[in-house]
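Naming follows writing order (A, B, C and D), and every chain is counted from residue 1.
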Amino acid sequence: MSKGRLEAFSDGVIAIIITIMVLEMQAPHGTDVGALRPLIPVFSSYVLSFVHIGLYWNNHHHLLHAVKHVSGAILWSNLHLLFWLSLVPFVTAWMGENQFGQWPVALYGFVMLMAGIAYFILTRTLIRHHGPDSALRAAVGRDFKGQLSLVIYVAGILLSFANRWVALGLYVAVAFMWLVPDRRIERTIQ
Amino acid sequence: MSKGRLEAFSDGVIAIIITIMVLEMQAPHGTDVGALRPLIPVFSSYVLSFVHIGLYWNNHHHLLHAVKHVSGAILWSNLHLLFWLSLVPFVTAWMGENQFGQWPVALYGFVMLMAGIAYFILTRTLIRHHGPDSALRAAVGRDFKGQLSLVIYVAGILLSFANRWVALGLYVAVAFMWLVPDRRIERTIQ
Amino acid sequence: MSKGRLEAFSDGVIAIIITIMVLEMQAPHGTDVGALRPLIPVFSSYVLSFVHIGLYWNNHHHLLHAVKHVSGAILWSNLHLLFWLSLVPFVTAWMGENQFGQWPVALYGFVMLMAGIAYFILTRTLIRHHGPDSALRAAVGRDFKGQLSLVIYVAGILLSFANRWVALGLYVAVAFMWLVPDRRIERTIQ
Amino acid sequence: MSKGRLEAFSDGVIAIIITIMVLEMQAPHGTDVGALRPLIPVFSSYVLSFVHIGLYWNNHHHLLHAVKHVSGAILWSNLHLLFWLSLVPFVTAWMGENQFGQWPVALYGFVMLMAGIAYFILTRTLIRHHGPDSALRAAVGRDFKGQLSLVIYVAGILLSFANRWVALGLYVAVAFMWLVPDRRIERTIQ
C-alpha cells in the first residue's frame, strides 16, 4: 500500500487544526487598541500551539519521507497521533481564555505529552514494519530529543500546580529545542 | 478518468469532518478540573465518532486502492457517502450535549446506518464498473462485516428506545469489530 | 505551468465549503424528535446546496481533466468561481434559518447564477488558452445545459418574489438536470 | 527532500483561511433586503481579504514552481508566512464588524505588512538554497512589486490614523497592482 494518501490525509487534518485555532480569537467589539489587550493570552497560546503543530507537521514530513509502504497498524498509529493533535485547539482555547490557569496549563501539557507518546508509538510501528536495518531506523536514530520532550512535559504537568509560568516556560523550551538545528543542542546537552 | 482527485477530495472532506467535530467541545469558563465534567459526554461522543470516521477513511483507502478508473456513477456514490458522513458532527453534537438522550442516540445510529448503506452502494458501484472477475471484486469478498454492521445499527436504533446504553454499546461493538485484525473476528463469529 | 496545484487548491476549497455548511445546523437543546422540526428547512437547504456544490466539483473535475496547462488568467477565473461558491454557505444559512423567505430565496438564486457565470467564464478562458481545435473545446461542446441553467436561475430570481416555492422548484430542477445522465436530457429537451 | 508535501500543506492551510473568513458573515435574522445592509462592510472586507489571500496563493504557486528541493529553513520560512496569513480572518472580522475603525484598519495593514515581509524572507531563503545563478533567482528578479507593496502597507498603517479611507484605498491599490499583468505596471511606474 502506498503512503500517498496517508500523507495527504495527515496534511489535511494538521492544516485544519493549525487554522481553526484562530477561530477562538474572536474579534473584539471595541475598536480601541485597548480592546485587543484581553486577547493577549489567547494570542500567546495560539502562537505556542501554532509552533507545536508546525513542529509536528515538520517532523511528520521528515519521518514519512523515509517510509516505503504502510500497513493497517501504521494507519491507526497515525490516526492516534492525529486524535491527540485534534485536541490541541480545545486546550489552547481553555488555556488562553483563562489567563493560563493551573488546570488548563496542566491539561495543555497532558495533551502535548500524549501527542508525544503517540508520535513515539508511530515511530516504533514504522521501524517494526521496515526492519532494524532500514534507512528509517537509521534516520530516527536514538531519538534523544523525542524522549527528553516527554520527560519535560511530565515535569511541566507536575509543576503547573506549583508555578504555572515555570510549566509554560518548559513547554516553550521544548518548542525551542526542536526549532534550533539538531546537532548543536544534542552536543550541548551531552 | 483517473481516481486521483476522487481520493484527494474525499481525503479533504473526511479530514474536515473529523476535525470540526472538536469545535463542539467548547472551552469551559471555569478553570477547575470540575469544569471539565460536563464535557465528558461530549468528549465520549467525539471519541466514538473520531474512531468511526477514522474507520471509514481507512476502509475507503483500502477500497480505492484496488480501483483503476472512475465513472460518473462512482463519483456520485462517493458524494452520497460523504453526505451521510458530513452529518456525523451534527448527530455527535446532539448526542453529546444531551447526555445520550434516546432520540439523539437513535438518530446517531440512523446516520451511521445510512453511511454504512452508502458505503455498500459505493462498493457495488465500483464492482459493477470493474467486472465480477476484477481484483477489486476479490478484495471486497463476501463483505460479511459490512453487512453485519448494518444489522447491528438497526438493532441499536430500535434498542435505543428501550435502553440507550445497550444501543451505544452496540455502536462501540461495531467500531471494535473493524478495529481488530480481520481474520480473527470472522473466524470467531463463524 | 502544471495544473496539479490548481486542482488540489480547488479540491481543498470545495471540500471545506461543502463541509462547513453543516456547522449551520446547530444541535437543538431539546432531546425530543420534535426538537428537530425547526431544523427541517435548514436541513433542506443544506441538501440542496450539498448537491449543487457536489455538481460543481464533479463538473470541475471533468473540465480540468481535459486541461493541459494553466495561465495566470486561468488561475484567476478559477478563484473567481471559488469566490461565488464560497458565498453558498452564507445564502444557504440565510435561506434555511428564515423558512425560505422571498429575499433569501432570490439571493440564493443570485449567488448560484453568479457561480454559473463564473464557471462559464472559466470554460471560455480555458478554451481560449487551448485553442479552438483542442480536445477541451470538443469536450465542452455547445454547453447547452450550462446556458439553460443560467436562464433558469434568472427566472428563479424573478419568480421568488411572486412565488418562492416555484423559484425553489426551479433551483431543484437545475440540480436534477445535471444529475441525470447527459444524452437523455438533451434529447428530451430538443 | 521533495516539495510535494510543502505545496499540499500550504494549499490546505490557504484553502481553509480563504474559506473560514466567510463564517464571519453570519446570516441576519430578518428576511428583508435591508437586513443585509449591516453586512456591507463585513462583505467588503471579505472581498478585499479573499483577493489578497488569492494573490498569495497565486504568487506562492509561481514561486514554488521554480523550486527544486526544500530544507528545514524553507519549511519554517513557509510556516512563518502561513502564520501571518492565518491572522487575516481575525483582522478581516475586526475591521468588517467595526465599520473600518482606525485601529482595525491599521492592524489589517500590519498583518498584511508582516505577511509581505514573511513572503520576502521565504523568497530569500529559497534563493540562498538554490544559488544566485538558479532559475529561481532569475524568476524572482528584482522583486520591485514586492518591495513597493511593503512601502505602501507602511504608508497605509500610518495614514489609517489620519484618514482610514485613504489607508484602505492603498490596500486596494496593492491588490490591483498584483492583479494587472506584470510588465505594464512596472513600465508605468518606472
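Assume contacts are C-beta pairs under 8 Å (C-beta built on N, C-alpha and C of every residue); 3 or more make two chains touch, one makes a residue touch a chain.
Keep in mind the model is a prediction, meaning the values are calculated, not measured.
Enquirer: If more than half of the interface residue numbers appear on both sides, call it same; otherwise different. Which is it for chain C and chain D?
Expert: Different-residue interface.
Enquirer: What is the size of the turn, to the nearest 5°, that moves the C-alpha atoms of chain A onto the matching ones in chain D?
Expert: Result for this pair is 90 degrees.
Enquirer: Which chain's mean C-alpha position is the greatest distance from chain A's?
Expert: Ranked by distance of C-alpha centres from chain A, the top chain is C.
Enquirer: What whole-Å value do you get for the distance between chain C and chain D if each is reduced to the mean of its CA atoms?
Expert: A distance of 27 Å separates the two centres.
Enquirer: From the mean C-alpha coordinate of chain B to that of chain D, what's the distance rounded to whole Å?
Expert: Computed from C-alpha means, the inter-chain centre distance equals 38 Å.
Enquirer: Two or more other chains touching the same residue: where does that happen in chain C?
Expert: 8, 12, 15-16, 20, 23
Enquirer: Quick check on the complex: what are the chain B residues that touch chain A?
Expert: It is residues 7-8, 11-12, 14-16, 18-20, 22-23, 25-29, 31-33, 35-36, 47, 50, 54, 57-58, 61-62, 64-65, 179, 181 of chain B that touch chain A.
Enquirer: In the complex formed with chain D, which residues of chain C make contact?
Expert: Where chain C meets chain D, its residues are 1-2, 5-6, 8-9, 12-13, 15-17, 20, 23-24, 72, 75-76, 79, 82-83, 86-87, 89-90, 93-94, 97-98, 101-104, 107.
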